[in-house]
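Both of the next two complexes hold chain A, though its partner changes from chain B to chain C.
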Partner chain A sequence: MQRKQRLSRQIAYFIPYILWIGLFVIAPVVLLVYQSFFDINGHFTLSNYQTYFSSNTYLTMTLNSVWYAFLITFATLVISYPTAYVLNATKHPQLWLLLIIMPTWINLLLKAYAFIGIFSQAGIANQFLHFIGIAPQQILFTKFSFIFVAAYIQIPFMVLPIYNSINELNPSYVNASKDLGATSWQTFSKVIFPLTLPGVKAGVQAVFIPSLSLFMLTRLIGGNKVITLGTAIEEHFLTTMNWGMGSTIGVILIIAMVIIMSLTGGSKRRAKRGMTK
Partner chain B sequence: MKKLLSIIVALFAVCGLLAFGANQLQSTSGSTGKKVLNLYTWGDYIDPSLLTKFQKQTGYHVNVETFDSNEAMFTKIKQGGTSYDLTVPSDYMIEKMKKANLLLPLDKKRLTGMANYDSRFMNLNFDKHNRYSVPYFWGTLGIIYNDKFVKPGSINHWNDLWQPQYRDKIMLIDSARDVMGFSLASMNKSMNTTNPATLLAARNKLNQLSPNVKAIVADEIKMYMIQNEAAIAVDWSGEASEMLDENKHLHYVVPSEGSNLWFDNLVIPKTAKHFDAIYAFLNFMSEPKNAAKNAEYIGYATPNKKAKALLPKAIRNDRQFYPDDQTIRHLQIYKDLAPAKVGLYNDRYLEFKLHH
Partner chain C sequence: MAINTQPIVRLKNVCKSYGDTQILKNINLELEAGKFYTLLGPSGCGKTTILRTIAGFTDVTTGDVEFDGQVVNDLPANQRQVNTVFQDYALFPHLNVAENVAFGLKLNKLSKTEIDKRVSEALAMVQLADFGDREISELSGGQQQRVAIARALVMRPKVLLLDEPLSALDAKLRKDMQYELRELQQSLGITFLFVTHDQEEALAMSDEIFVMRAGEILQGGSPVDIYDEPINHFVANFIGESNIIPGKMLQDFQVEFVGKSFECADAGIPPNEAVEVVLRPEDLDIVAAAQGKLVVTVDSQLFRGNYFEIVAYDTDGNEWLVHSTNPADEGEPIGLTFDPQDIHVMRLNETEAAFDARLEKYEDD
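Entry: the complex of A and B
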């Protein structure tokens, strides 16, 4: 009797979770997949997928998206790893961490508009360039500014997991490595980095996937000089009203994400096992 | 078991609250009282002092709700659950709403001010004999330039944009129909063409423009042009008039070989309920004095002939916003194209964007 009660209680605890997953994760994905099989006239068809894979435009856009997502992730990683490492050595890491997370409390659009002000012809960045004597430069609407702002926005999501995995690292491994005569570079590349790889992978997942479909920034900061799949989805849903094609691109993005997750996730388990051994 | 019960009760409570909230939200979408008029319009598209005057004169209180795109307005009215009495779609959207049976015909006997309107702006293809709509504002698509960077008078035609000296100087409005449209106009083709080969040619011509294109942006164009960020922009006259108010160096040109002519007209959606108030409002807005006041406040061109005569001379004779007959004759109104054809425009436009 008691066991039965406990069981029903456990099921009850699950209800909100199941409702949430069902309503806000599974149902939308199912709808998206369903929608992707209809053409603009509402006929059931596979033509959306056919168009996607036979059109140069969409394939170029896909390559573009992956390439820019890679660049953004790489830039973020290069900045975040040393930051997380140094953070770990400071006296009050929680305080510094809080400062890094703080910008995520501000709305994305506000941050984008702030950068428009900074990068514009009369903005602070150009005032500084003027001061050091290299005339006004076009900063806004360049690939550089797009990657810069995107990386700025993504950095907290990379720093956090890396910081956690460095924090979890048992210092005796590092000491052992040094005792056994490894140089500091060897210690880093053979011991510290492999052991913190799960954090890096989690960070890459958290940054790469949203970067694939950025669309507000491509227009506001990139001036549509950078075109990603997000741009196409926005256009299909808002102007063309071709929801089928928009959904198809969405489904393909989801599949791409699943592939990335499985690629990075599989080895994460292995690495973790290695760490706890 | 008790816990399970309490959780279920809690869930019901949450559902109840949500239902209540939804109900509340819906009731704000237009009040249903007697002496009201629910106006669904673009943001900042009517002089607020006219609303007070209207209420004083007729006793009807106007509830204003706003939308930011024709498509958003269309979806909201189509889905129902609203009680809008009047809305202000653009030309092609009137055609689309007509086809979707979302409009109620006007009762001409109850309209008193129709004679005030310029006959050039009546009985147009999107609404023959004005069965459904009363003109509200009209405007064009054109080129804005900053005389700090561009010699005044050196840009008069679409083809001028292709000159190599404007490298990286032009901002375009992020709209497939308009960007493809001016490329078509520059080749003396119809801005409503659905011929795939012509659209391809328009895209190829746009590709040649891309070294000159600094950015393709939306509403931000206004801010950038005011801040001297770019020398040239392609945008609508309504936006242009706001820019010109803020920056004295800006000028607006409607290329005489042809461009888009757009209308925003007042229509009665099928959700309307307060017909006395609707006709009182339509007649009120048709009065020359009120239309003139509105035009002066908003800065768009009024289709009301008698109202135009009341405007200050500087506005009335401004060729930028009231182009001459010669130019008006070459302007083209967008037609509501079939979804597949709109798709064609968008695909070519997307290719141009990718060309950068």
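Entry: the complex of A and C
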């Protein structure tokens, strides 16, 4: 009897969560899938998917999205891992961590506009180039600036999980590795990196998936030189008003994300052992 | 003392400080090849720090660490011919048992057949021959312990350092591992340096024990020497159980305590010097009060299985601990007898060097 009561109370605790998930996650996804089966005139059709898979434009866009998301994630990882590693060795890691997290408190749009100023013809970046004797360059509206700013925005989401996994690493493992004759580099590649892989995976998930659907930065910083699926969705919903096609691309993005999640989360059992004990 | 054998490891005037705190104070230590050494002391006495300076995980503030006569102060850990069994084992969780044992061999770029051969030999040595494919998380504490030993021994080190490796095991397993470690050391002939705070462990396994306190080595010697002739109050108390009674040296081979004069085996101490007298509880025999060299009154007793532990008080109020196979009656007076060589006299504040010199002097006479 008592057990039954406790069970019903536990269910009660879940109600807000279930409501939230239902209203803001499941319902929108269902609506998106439903909408993707209607053409611009409101007729039920499979033509959206047909168009998507037969059109070179969309497939190029998809490849573009994946490629740029990969580049952004890679750049972020290359910067974040050493950062997280060095952070662990500092005296006040929490303070440094706070400094790294702080930019996330500022609105994305504001940061984008700030970079427009920095990268413009008369901006600080070009002033600096002038100072060291290099002629002004076109920085804004290049693929480089797009990847640079996107990586800048994503870095905190990569640093945090990696920092945590390095922080949890038992220092005995490092001593044991050296004791068995490993150099510092061997210790890193054979012990530290494999054991902090769960953090890297979490960081890759947190960066790659949002990077797939970036749309504002492609316009403001990339100058539409880079067209991703995010840009296409925005176009369809706001300009061409072809919501059906926009939803179709949305569904495909969601499927891509699920695939990536299962790929990076797959070997959790083996990776997890580094964290216990 | 063999003169021509060069110590394999020597610490010369080693000091180690972190800021203002001195962890090691002028440590001098020599390890000969093929022996089982133990660093014994309470936690925080610096014994693990000594291990870490030999392994190369920490540098010395002043002094030298020598290996085969060569100063190795600046040699990084990965180039030293020592291996360590860590207190928490530090087995790599992303590798299985065989991969863990093979870790160091792979770094040495040995051939695969050689690696496989040595890994299976090492696992057989610690009785885990069939466990190569197991994951570390699937092993019990005792099995992890063995893997850690195999991983270190497979490197064929000249010295194996063991940092309280048995402290996480239960009592029964611990006893078994003591035997196994001792046998392993004797069959391999590798120098073992074992760190523990457990005096029983140290006495059972070692060829030589170094008793430490607060960053200093108080006394070094064979288990029997240290047990029979502790240099001071701390060592006497730390190793085994003892009755430590204040007394006075009357002359060579004559000491006074509890108001009586007794024949003893100690000499070389100035007459009328205040001393401490050690009598081990198992050296005291219970006789009728009239026949005893000392008369004490039984206060309480505990049955310990193979003996009775009796607590008694003499007329001066000193507490006497007696181990006896026969029970006594609580509240009744009993007599205690002991032989002259059961008495061990300690001078207050005597250093180990002075103690050894005095011992040598009167034993030669």
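Please note the rule applied: the second predicted complex is superposed on the first by the 273 of 277 C-alpha atoms of A that agree within 3 Å, B and C clash if a C-alpha of one lies under 4 Å from a C-alpha of the other, contacts with A are read in each partner's own complex, and residues count from 1 in each chain.
Everything below uses one rule, namely that a residue touches a chain if its C-beta (ideal position, glycine included) is under 8 Å from a C-beta of that chain, and two chains touch if they have at least 3 such contacts.
Just so we're clear, the structure is a prediction, and the values are computed from it rather than from any experiment.
Undergrad: When the two structures are laid over each other on chain A, do chain B and chain C clash or fit?
TA: fit
Undergrad: Based on the superposed arrangement, let me know which partner A:Q94 touches: chain B (first), chain C (second), both, or neither?
TA: A:Q94: touches no partner chain.
Undergrad: After superposing on chain A, what angle in degrees do the C-alpha centres of chain B and chain C form at the C-alpha centre of chain A, to the nearest 10?
TA: Between chain B and chain C, as viewed from chain A: 160 degrees.
Undergrad: Report for A:Q186: first if it touches chain B alone, second if chain C alone, otherwise both or neither.
TA: second
Undergrad: After lining up the shared chain so the two structures overlap, which partner does A:P194 touch, if you call chain B first and chain C second: first, second, both or neither?
TA: So A:P194 only meets chain C here.
Undergrad: Is A:S177 in contact with chain B, with chain C, with both, or with neither (first, second, both, neither)?
TA: second
Undergrad: Going by the contact rule set out at the top, does A:T239 touch chain B (first), chain C (second), both, or neither?
TA: After superposition on chain A, A:T239 lies in contact with chain B alone.
Undergrad: Closest pair of CA atoms, one in chain B and one in chain C, after superposing: how far apart in Å?
TA: Here the least C-alpha separation of chain B and chain C stands at 42 Å.
Undergrad: For chain A, which residues belong to both interfaces, chain B and chain C?
TA: After superposing on chain A, no chain A residue contacts both chain B and chain C.
Undergrad: Name, in rising order, each residue of chain A that touches chain B in their complex.
TA: Within the complex, chain A touches chain B at residues 5, 8-9, 11-12, 15-16, 40-41, 57, 60-61, 64, 116, 120-122, 138, 140-141, 219-220, 223-225, 227, 231-232, 235-236, 238-242.
Undergrad: Any idea which chain A residues touch chain C in the complex?
TA: By the definition above, chain A touches chain C via 170, 172-173, 175-183, 186, 190-191, 194-195, 270-271, 273-274, 276-277.
Undergrad: Can you name the residues of chain B that touch chain A in the complex?
TA: Touch list, chain B to chain A: 1, 3-4, 7, 11, 69, 71, 168, 171, 174-176, 214-218, 220, 224, 227-229, 339-340, 342-343, 346-347, 350-351, 353-354, 356.
Undergrad: Okay, in this complex, where on chain C does chain A touch?
TA: These residues of chain C touch chain A: 55-57, 76-79, 82-84, 86, 88, 90-94, 103-104, 107-108, 135-137, 151-152, 155.
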